[in-house]
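Following this line, the structures themselves.
Each of the two complexes below includes chain A, the first together with chain B, the second together with chain C.
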Partner chain A sequence: MVVKNNIPSIVFIAPAIVLVAIFVYIFSGWSAWTSLTDWRIIGRMGKFIGIQNYIKLFAGDDIFRKCLYNTAKLIVLFIGITLPLGIICAIFLDLGVKGKGLFRAIYLIPLSFSFVASATMWGWMFMPDKGSINTLLRMLSLDFLTQPWITSTKQSIISVAIVYVWQFSGFATLVYYAGISSVDPDILDAARVDGANTFQRYVRVVLPLQKPATFTVLLILLMYSLRVFDLVWLLTGGGPAFSSEVLATYMYRVTFNQNLFAYGASISFFMFILSFVVIIIPVLIGTLKRMG
Partner chain B sequence: MRKFLLFTLVVVLCFFTGALLFASEEKEQLIVYHWWTAGGEKEAIDAVFKIFNEKYPNIEIVENPVAGGGGGVMRGQIKTMVMAGESPDTFQLTYGTGMLASFAEVLEPIDEVWEGLPFPQLIKDMGTVNGRKVSIPLNMMRCNCLWYNKKLVDKIGVKIPMKNFDEFFAACEKIKKAGYIPYAVGAGSGQQFWWALTVEQIIAGAPHGGPAYVDKMYTGKANPAKDPAIREALEFLKTIMERGYVNTDYSALTWDQASDLLMTNEAVFYQMGDWAKGHFTSAGWKPKVDFDYVTSPGTAGVFTLNLDGFSLCKGAPHKDAVMKWLKLVSSVEAETAFCPIKGATPPRLDAPIDMYDEISKDILKAFRDPSTKIVQCAFAGPPEAWLDVYGGVISKFVESRDIEQGIKDFADGYKKVFGK
Partner chain C sequence: MAEVVLKELTKVFDGNVVAVDKFNLEVKDKEFLVLVGPSGCGKSTTLRCVAGLEEITEGEIFIGGKLVNDIPPKDRDIAMVFQNYALYPHMNVYKNLSFGLELRKMKKDEINKRVHEAAQILDIEHLLDRKPKALSGGQRQRVAVGRAIVRKPKVFLFDEPLSNLDAKLRVQMRTELAKLHQNLQATIIYVTHDQVEAMTMGTKIVVMKDGLIQQVSDPLTLYDFPVNKFVAGFIGSPPMNFIDTEIVKEKDCYAIKTDSFTIVLTPDKNKLVSSYAGKRVTFGFRPEDLIDESGVKDKEGRLIRARVEVIEPLGSEIYLHLSSGKDFFMARVPHHYKTEIGKEVGLVVDLEKTHVFDVETEKAIF
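== the complex of A and B ==
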């Protein structure tokens, strides 16, 4: 009966489900199968070797461990800065600061940039000797603030995070601003009548109501930071000395530059599982909770 | 209204009829992939395309230039295309036994193109995989070139050539004291594979290295954990890094940006293949006036060789067109049109040399000299994975400068490349 009543809906969503099933899950399955082989010659499939690639990955690959560490560091830095920055900017917008329109245009511009353009632009800005950031600092006699940015093994991943924050803080601001704008004015009026000042109204009333916005922002930022490839590839190439190598760049390097196709597939399948655990499961839990 | 509809119908019909007629007259195609996109390179390959178009006006060249990564980006793209069953007709590949063997399963033999061609035996052997010829070279390059800013060398009074590492270090020290960068390096922005080429020249010039050892190393017969040449090469790198002979932004610059340091009078030496000459001349620098080269320290009489070739891809949709293309590539006509513009040299022994500049003539003279020890370079001799693996190994070493760990990483990388 349920099926009969929902036939039109099923018909409408069926093409999308079929396409996702084929192009996401069947190919992921193929990738999983590939990761269990020793395929390393282009044009000739390898033989089944069980979970040897995974054993090598977790037990004997220092670069992979470094990539995991770098990815985790990027996530913490990126989300740890972008979320609060988004909230602060959204509150300023909501307070009706002067030049709101201009500010909105400025923070949204980075979002419209492709990663290729931002990586190229920031790459030039980060150059230690001739880059515009250090040049500007030197012009202002602030030499002590100049940094090696992308050429330092200690700072390269931080530089990647800076570009990511620059690119996505506008998105976080946008989502939070929408969330803050949709707070019922009656609730805010009630708080005002109860004697709450502006700061208290935002902290005690508005922010606790931003859980859905936070969930959306967190999810999107997490997704982008887990799969980051193009920005790192073009900004630092994963270097120097693997200091900014992340899972996706290492997977590409191993697969296409070193021809270790099966080993690359094991990294890619690990990324799939990681994304599933970190992103899909919380989404499912949230959905189930909402359904009661 | 009716008139308008009729008019629209007639226009639409005309459009489709025209489109059908156009489609039925479609030319035969030649789908070519290459990575020559920089100044000089593009004009060079366009000159060969022009000859092909004149010879075969009915074949349309579908050119797919893929920039980046010294061909690495294009090679990655070719692999995905072949795996997806969308093989191109022909593609550029650095020409040598290891690199070609990495692609052996997707290349068709082209022995018929090779019949009677006057190439040196070494070059014939380099294009042979499992007894069959699978590629044909178009141009040739020398990798063990140490470029220098002639005016700065004269001004500082650096003694050229430097026969060994010690003489080189002494020259670097003098340059550093004069306030210039002695040795420019550009292995950033995803170009860390240049370290693989740099370390090859160091190994070729190391006291226990040399061309025979490089050859042994590239064929999987070396033992990097114990071979002294590897330790010597790493010590060389440690010395130039610790003494501050290298530009501090080496891990941010691309190869051409590093070579620009010579042209801006900031650096004196630059280790790179002779394609750097094309970059210098395209920027207006004059060979033997503004810049010159010597063989890398310790490599006098050695020629680390790189070539670019084209192959017939398995499953190529236009095989006849490819065979015509490969015949052209193998000709003196194509080499003569291509090499002078690109700044490269012709691999055919019967190719004329009078149109080349003094540096290219010198390189050709060395190549054709029977006493020169020729060895395949990192782009050609070892399996393709070498470039990425050793780009990583050396870029890690130059940061840590830990010799013992460097030797261990070198040996681990060897297992990765040769699978043993």
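== the complex of A and C ==
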């Protein structure tokens, strides 16, 4: 009876469920299975070898460890700068400074850029000799500030982080501005009557109320930075000397350049588990809390 | 001394919306003054101007004899209770109460003492560790009041603080706030749109409309001697009955004459209404000033025969919705009054409590 009454709903929702089931869960499962084999050549399935690939990954692969470190460094730099920058810009907008419309437009434009466009543009800007950043510094007689940027093993991951910050700080600003704007004006008036100056109002009242906004920004930035691929691949290609290689680029290199499908699948499945632990679990906990 | 004086206070929004217009008012020390009026009359704006939350367009505000026009809210020695409580959601009750004191760099011992004193007065000591979301509406209201009293300010400002409470709790809090005023002996300016709150709590009431003061007086004077039709209609529940009619000369007196009844005014009103003879006026009388004709001996010239349209029994009394000719009005009769819909009843007007208003200016003639 219940099924009969819900037939139209089931018909409408079925295509989405089928697509998600095939392209997310079945492929993830297949990837997990593949990671337990020695599959190397297209057309011939590998044989089951247990967790050998994972043992090799964690015990004997220095590049993988380097990728883990680079990914962590990128996440720390990216989120560590984007979050506070978003907050500062949102407060700046909230203070009603003149020209905030223009500021908002300028800030949101990078968000609309594709990673390919951003990588190409920043690739030119980061070029050590003819790049616009170093050229500008030289024009200003600030030669001592010129940097090797993406050509340096020490600076390549920092350069990638700079592009990421540039691309996403507008998003963080937008979310925080929405959060700050939604604070009840009476609460801010109460703080004014209580004796809080502008700084104290933001630090003691407005910012502690931005937990939901911070959760949203953090989650989305984490999602993007854990799966970071295109920007790194196009900007640095993971180099020089693996100095900017991250998990996704390494997985791609291993799978499609070296044809180590099973080994690539183990990196891929590890990334899935990492995302699950870092992103899905906090979301689930948050949802359960809200549901009481 | 914490008297508040407003001189020619004017607040204009966006260059053309006049919220408060040349407002003059004196609130004496320890007075419980209520600003009452319909939505949009400028009462909350006036309060926010006193608090320093709105910049005034013109005029002067004095608190405790000191001109405070350019002084920020925190230095005006006022505390404010907001309609939606405006508690800090991320702080527990203790922090909510102590926040203002911390910002004033008061010593921890003193803060602790004051918070517990306020909590004791408001009976919220057991709630000090809770966050606002874990409190009921009434408890939040107490915390909001506590946040005000903990500061021991010169003047308390209340902006419709009971509007979000249910009817029963509102009555309870009304009494508690009145008691609090007696205990604290502080100057209070209280804004409400509820005339019952205004009448029951205020020692002085200011009735406002369209940014202008209509009348300032004590509750009973306001009720018995409204200066215009607006005040007469706004104060009192159910409101005063108004009938547009004509004044005619009858022998030695003047009378209110409608198609279906004639009310002869007492001779002492002759002087006041003589210039209105033959003109249209608004006749006003309160529902409780209509008395059942049975038992009234001298009812000539003050009897209204009316048809019962609706009966509203409230338990302690009955509201009758009546019609007489083209006119409709209400009567408030005792709970034992027997009648039924469609029946004709005779009611006698208490002539001492009638009012007549000028049709054009709406000012009270008496």
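In this text, the second predicted complex is superposed on the first by the 274 of 292 C-alpha atoms of A that agree within 3 Å, B and C clash if a C-alpha of one lies under 4 Å from a C-alpha of the other, contacts with A are read in each partner's own complex, and residues count from 1 in each chain.
The rule is short, and it goes like this: a contact is a pair of C-beta atoms (placed from the backbone, for glycine too) under 8 Å apart; a residue touches a chain by one contact, two chains touch by 3 or more.
Everything numeric in this text was worked out from a predicted model, so none of it was measured.
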item: When chain B and chain C are modelled together on chain A, clash or fit; value: fit
item: Chain A: partner with more touched residues, chain B or chain C; value: B
item: Touched partner set for A:Pro240, first chain B, second chain C, both or neither; value: first
item: First, second, both or neither for A:Gly195, with chain B first and chain C second; value: second
item: Partner chain(s) touched by A:Asp184 [first = chain B, second = chain C, both, neither]; value: second
item: Touching partner for A:Leu209 - first (chain B), second (chain C), both, neither; value: second
item: Chain B versus chain C as contact partner of A:Arg40, first or second or both or neither; value: first
item: Vertex chain A angle, Cα centres of chain C and chain B, expressed to the nearest 10 degrees; value: 150
item: Which superposed partner A:Pro128 touches (first chain B, second chain C, both, neither); value: first
item: Partner chain in contact with A:Ile285 - chain B first, chain C second, else both or neither; value: neither
item: Minimal inter-chain CA distance - chain C and chain B, angstrom; value: 49
item: Residues of chain A that lie at the interface with chain B and also at the interface with chain C; value: none
item: Footprint of chain C on chain A - complex, ascending; value: 184, 186-187, 189-197, 200, 204-205, 208-209, 211
item: Residues of chain C touching chain A in the complex; value: 48, 51-53, 72-74, 78-80, 82-84, 86-90, 99-100, 103-104, 147, 151
item: Contact set on chain A toward chain B in their complex; value: 40-44, 63, 123, 126-129, 148-151, 153, 233-243, 252-253, 256-260
item: Residues of chain B that touch chain A when the two form their complex; value: 72, 75-76, 79-80, 82-83, 102-103, 105-106, 187-192, 247-252, 314, 383-385, 387-389, 392, 395-396, 398-400, 416-417, 419
